Amino acid sequence: MSGSTYGRFFQITTWGESHGKALGVVVDGCPAGLPLCEEDIQLFLDRRKPGQNRFSTPRKESDSAQILSGVFEGKTTGCPISILVRNEAQRSADYSELASYYRPGHADFTFDAKYGFRDPRGGGRSSGRETIGRVAAGAIASKILNRLGIRLTCYTRSIGPVQINPDAFDAAQILQNPFYMPDAQAAQQAAQYLEECKKNGDSSGGTIECIAENMIAGLGDPVFEKLSANLAKAVCSIGAVKSFEIGDGSAVSTMLGSENNDAFAVGKNGVPVKKTNHSGGVLGGISDGSNLLLRAGIKPTPSVRRTQHTVTRDGKPIEVSIKGRHDPVIVPRAVVVVESMVAITLADALFANMSAKMDAVEQFYRRS
Amino acid sequence: MSGSTYGRFFQITTWGESHGKALGVVVDGCPAGLPLCEEDIQLFLDRRKPGQNRFSTPRKESDSAQILSGVFEGKTTGCPISILVRNEAQRSADYSELASYYRPGHADFTFDAKYGFRDPRGGGRSSGRETIGRVAAGAIASKILNRLGIRLTCYTRSIGPVQINPDAFDAAQILQNPFYMPDAQAAQQAAQYLEECKKNGDSSGGTIECIAENMIAGLGDPVFEKLSANLAKAVCSIGAVKSFEIGDGSAVSTMLGSENNDAFAVGKNGVPVKKTNHSGGVLGGISDGSNLLLRAGIKPTPSVRRTQHTVTRDGKPIEVSIKGRHDPVIVPRAVVVVESMVAITLADALFANMSAKMDAVEQFYRRS
Amino acid sequence: MSGSTYGRFFQITTWGESHGKALGVVVDGCPAGLPLCEEDIQLFLDRRKPGQNRFSTPRKESDSAQILSGVFEGKTTGCPISILVRNEAQRSADYSELASYYRPGHADFTFDAKYGFRDPRGGGRSSGRETIGRVAAGAIASKILNRLGIRLTCYTRSIGPVQINPDAFDAAQILQNPFYMPDAQAAQQAAQYLEECKKNGDSSGGTIECIAENMIAGLGDPVFEKLSANLAKAVCSIGAVKSFEIGDGSAVSTMLGSENNDAFAVGKNGVPVKKTNHSGGVLGGISDGSNLLLRAGIKPTPSVRRTQHTVTRDGKPIEVSIKGRHDPVIVPRAVVVVESMVAITLADALFANMSAKMDAVEQFYRRS
Amino acid sequence: MSGSTYGRFFQITTWGESHGKALGVVVDGCPAGLPLCEEDIQLFLDRRKPGQNRFSTPRKESDSAQILSGVFEGKTTGCPISILVRNEAQRSADYSELASYYRPGHADFTFDAKYGFRDPRGGGRSSGRETIGRVAAGAIASKILNRLGIRLTCYTRSIGPVQINPDAFDAAQILQNPFYMPDAQAAQQAAQYLEECKKNGDSSGGTIECIAENMIAGLGDPVFEKLSANLAKAVCSIGAVKSFEIGDGSAVSTMLGSENNDAFAVGKNGVPVKKTNHSGGVLGGISDGSNLLLRAGIKPTPSVRRTQHTVTRDGKPIEVSIKGRHDPVIVPRAVVVVESMVAITLADALFANMSAKMDAVEQFYRRS
């Protein structure tokens, strides 16, 4: 069955394996007339590129995006936008041994269970490189959001035990440190912690947070197409995500109703505004106009140098130590992936919402 | 836009408002030949029925299910199964005042923002009664899972600060206490805690856990149709859910790779089995054959007697105290809803997976 | 697999069997604020009702529609609209024998082949009564089209060899004769022809035409979601339809390009208009602003009194004569079904088109 | 809105413009383990290639297919297969003038109406080159069908007034003449007719027929996902198709029930077989095991040298004569496109059908 398409109206289809010829995405449903060039895409892709510092894999990929269709004279045409990124560092030889056993924490076993065999080169389709297509599409979705005034901010909230200090939050810091943390001091502590992990041949988990400001109220549909439900799917579809929270998240389980409810007050022009934002920007799954706030829990990189027990494809127990050079933490490079999936989900919700009211439809099509 | 349909192969469409004439569901894509009767549905619906104990709203609804189509001589025909539940306690008068202001924590404001107005009777489509359709469909999905040997266990893990003791876990207890807790002592403590909440005119949150045993490996598709991603959407589409975790969930963020990875060992017939289950039964988003384990964080009932600040539809600040009789906690009645959404998602994944391998397709259609 | 849902934005899910308890439809994605009452639905349903004249089956069904959800104080709420029609004439006994053999021209054999068994009462899900849900939904879609100024006219173009005279076309006649023909004289000839058919224990085919006037240009999406492709699917999903034509239809195969092309001229306000309409209102699958014009070929009622050869479920050859009382022609009752499917498809295309241009999206969401 | 994705389980997403950098397709949902190489694709693409004889445009494109993902060591992996074809003959200059006015019979006006502007180079997304993605995907679908024993035969039935003689039908002829006609004499007559058309600066329509042999009974789902309905959509989504017929097609409108019904007889192993095939292989929209038989009516090439009236983008009437060199008939090159769309639709129906019976699902997943 097909599982590489996401979105109903702003719809993306990604493809490609870690060590195949190329990876890419087809973005269908982008409105016509949006200015778009390869640099827009590249800016996003560069945020997930490996090899940029000593805490990410030294595999060097230029990861340069080519737009093959859907853009004419610098503007989208309304037709599908195909974006392609060639794989350059196809050193498949490094991975040949990996075909013979199941790496703990990886999808080796489940792909074999499902398909009978797998492309073992660098994780194939389950590699983190799969996210290139998401991020390229996220760059386009973000441009759409920006045109409507919605701003996304996404960052690392924690790496292992190191959390950012909410009081020291400084958005300007996010792009200033290799961890995309909005807190320079926490970033330094994270560096020390990861140094320790590397020394021990181990890896670290962490959390990512995303905020959408200047939101439009009314996005998301009741019941199954709740904005929060789609964001949960979008975020949990990213490889290493093991938890999703919106607003106060799992903390609500020990809160009282009187604490968790957000009181309404009268805002500008008489529009109701919430005094607090425990809800994280959705009520009944529909955006309430306040900031959207969500969080993802990311598991530690499964590739560790420390010895692990596992079994071979032909059913023999072995001990393995994953060599190669792997990021001791996935979190920083996943920040732009989370941001991209949120952007795509919001663009989709924006288009879905346009036919919610009959009088708005009539006004849209009014003819004399 | 439409948002009341869920699933690709096993597809459900729910409809109905809290105080309309009826609620229901159309289940399309159920295979032919499954024995099904109204009692099967009723058993599930009874688990979410109100008025069963002093911690749930005394509104009396028989909530009796009628199967209107798709079943012939006690077996499903492969055609859509329409199930209808009449609303009996339509005391709309109680709610008339609620139309004039926005209840904190409810979807009143967002429905108005989206649609321009709303059905104010008992929350309309955003009422918890919306879940009747999900649960009726869940009963059918569960029958399918049972035929394949998959067993679901779903229960309350915590109410406010009261958690079950994992060492005292007793599945037989789940249906023995009003909170669906697998721990009699925790249930008693929860009762005391909720008594206190009620006295204070307040409400409590909690957590629900669901386990699927005897799982089939290979369910879920790479990238966007990961089993975990669809479970996240399924669970987060339930009204009061604010967090979703699979396996070790948010705890992974402070774990080391060497802790979080599950080692493989050689199991029965040489099939690889995981020695631990930090992953919660999915690797790369595809089921790995071990137990599926997930958790939902549920917010406190937003309807509380304690005074709250809000605004009227015409933009005036007021103080409100939600009267009526409301559950001090949503969690126990949501247990069967979570179980239903998991069952539906698994049934869908089972059917989607049937065309994963070419040789299996050939074997399926082999003709002499 | 599920096959009872149609449409992406304006989405309908139908259910029910000929001799089950009821039939119905859930309409999801209808904008909020559309005035709607049961009479709106009934008006459409009455046009497909049996027993209205001597050329339709004397089975008496009041076919009265109940709206169970999605409407509040006479207006749609944006939530799913569930419509239910009870089956009254459930004389299943009449049909008991039919379970034992395969009626030629019916779906008896294919349902058995697909599902292993079937509901034999009156054709079950493959009965013409299945269209009740489509027509109820079509009534809603038509109200939406009317609000936007689009007018549908649907009628019988031919019954057997009897064709309407294009020069005598009189729309006012359509509801004045039992065949929904826009030509009184042709209707008389059709009556005579059908009288003959009945006498011979035989049945007749025919054609239905549908015109949409005051169309909006730009509906439909390139490649697979062409308006013409979706209309083809919509119309060919109706039981007895064996051909679909748009504009000049199959006649184009013998035309020259210079004949088939429609020249453009300058219309009102400088907007281009076509001087002719060979295209039937679509160019490249997208509506061109001129009238939409399509045609369906309907096969003769397969239930005939004349002796036919067939086989029993247990593989024995037999001769059968379908007794009961059946319409000698399906065409007239299918007119409103075609109209409904066209209306639903157009409503869907209208909503899909709203996000085609970025500046229109921006204007829609413009905020100060 | 997105419109470039087709299929539910075997799902294709095409992209690309006539004169952009490349065109392609992503095929998702292909089972793992199917042998596939670029030659398989090329064989199909070569059948739609231009410049192969004097009746097709002399534009030379090698149209060579590259598989970028989804295949490992000569077998599909179950992951999306991305296929890319570079555009070589991007002589955009030839087309620059075309941006200024609306060609009759083309989608120039409707694209402008929908999107506000368009890519005018060679028709952009509405060019016949768009079908490259369909045909590449069709090659894969055909391999799947072949593995299951289903054989497709697709050919030109008529060009203008020249029809094949059914009695002279010779499948071996199809690839022996430039028109893909199964009748050498008809092909000669067609050549003469087209010579005449060219001399007159005009073009011709025609019809294409497709037969699927050795069909499996039970494919297609009741109501909206009828096999016939999906075939209608698949075929009518091809640019120049103006009519679709299945079985006796539009001829049914003048047939009697006793003529149109296919009697059943007892076949091999007692399985019912139809003595005739007026139905074209579907009953109630579900395949009945006999040959599938369908027909498409193709309009004449809209680009003709003869003078036509039209208007400019800025609303002025002009006369135009489309120069360039264009095929005087689209039909022959569309044969493989029709075959491809039928193959894709059948593959999709095959996978959808696998969960139709509960006992088949149980047998599929049986575990000891």
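Order of writing sets the labels: A, B, C and D. Residues in every chain begin at 1.
In this text, contacts are C-beta pairs under 8 Å (C-beta built on N, C-alpha and C of every residue); 3 or more make two chains touch, one makes a residue touch a chain.
It should be emphasised that the depicted structure is a prediction, and the values quoted were computed from it without experimental measurement.
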Between B-D and A-B, more contacting C-beta pairs sit at A-B
Relative to chain D, largest Cα-centroid distance belongs to chain B
Chain centres from averaged Cα atoms put chain A and chain B apart, in whole Å, by 26
For the pair chain B and chain C, the C-alpha centroid-to-centroid distance in angstrom is 38
Whole-angstrom distance, CA centroid of chain B to CA centroid of chain D, is 44
Flagged in chain A as touching 2+ other chains are 1-5, 8-9, 14, 29, 32-33, 78-79, 114-116, 125, 222, 351-352, 355-357, 359
Interface with chain D, chain C side, in the complex: residues 1-6, 8, 14, 102, 104-111, 113-116, 125-126, 130, 158, 160-161, 197, 200, 202-207, 217-226, 228-237, 239, 241-266, 270-272, 275, 279-280, 282-289, 297-304, 306, 308-311, 315-317, 352-353, 355-357, 359
Chain A contacts chain C in the complex at 8-9, 29, 31-34, 76, 78-79, 144, 147-149, 216, 222, 350-352, 354-362, 364-365, 367
Given the complex, residues on chain D that touch chain A span 1-5, 7, 9-11, 13-17, 20-24, 26, 28-29, 32-33, 66, 68-70, 72, 75, 77-82, 84, 114-119, 121, 124-125, 351
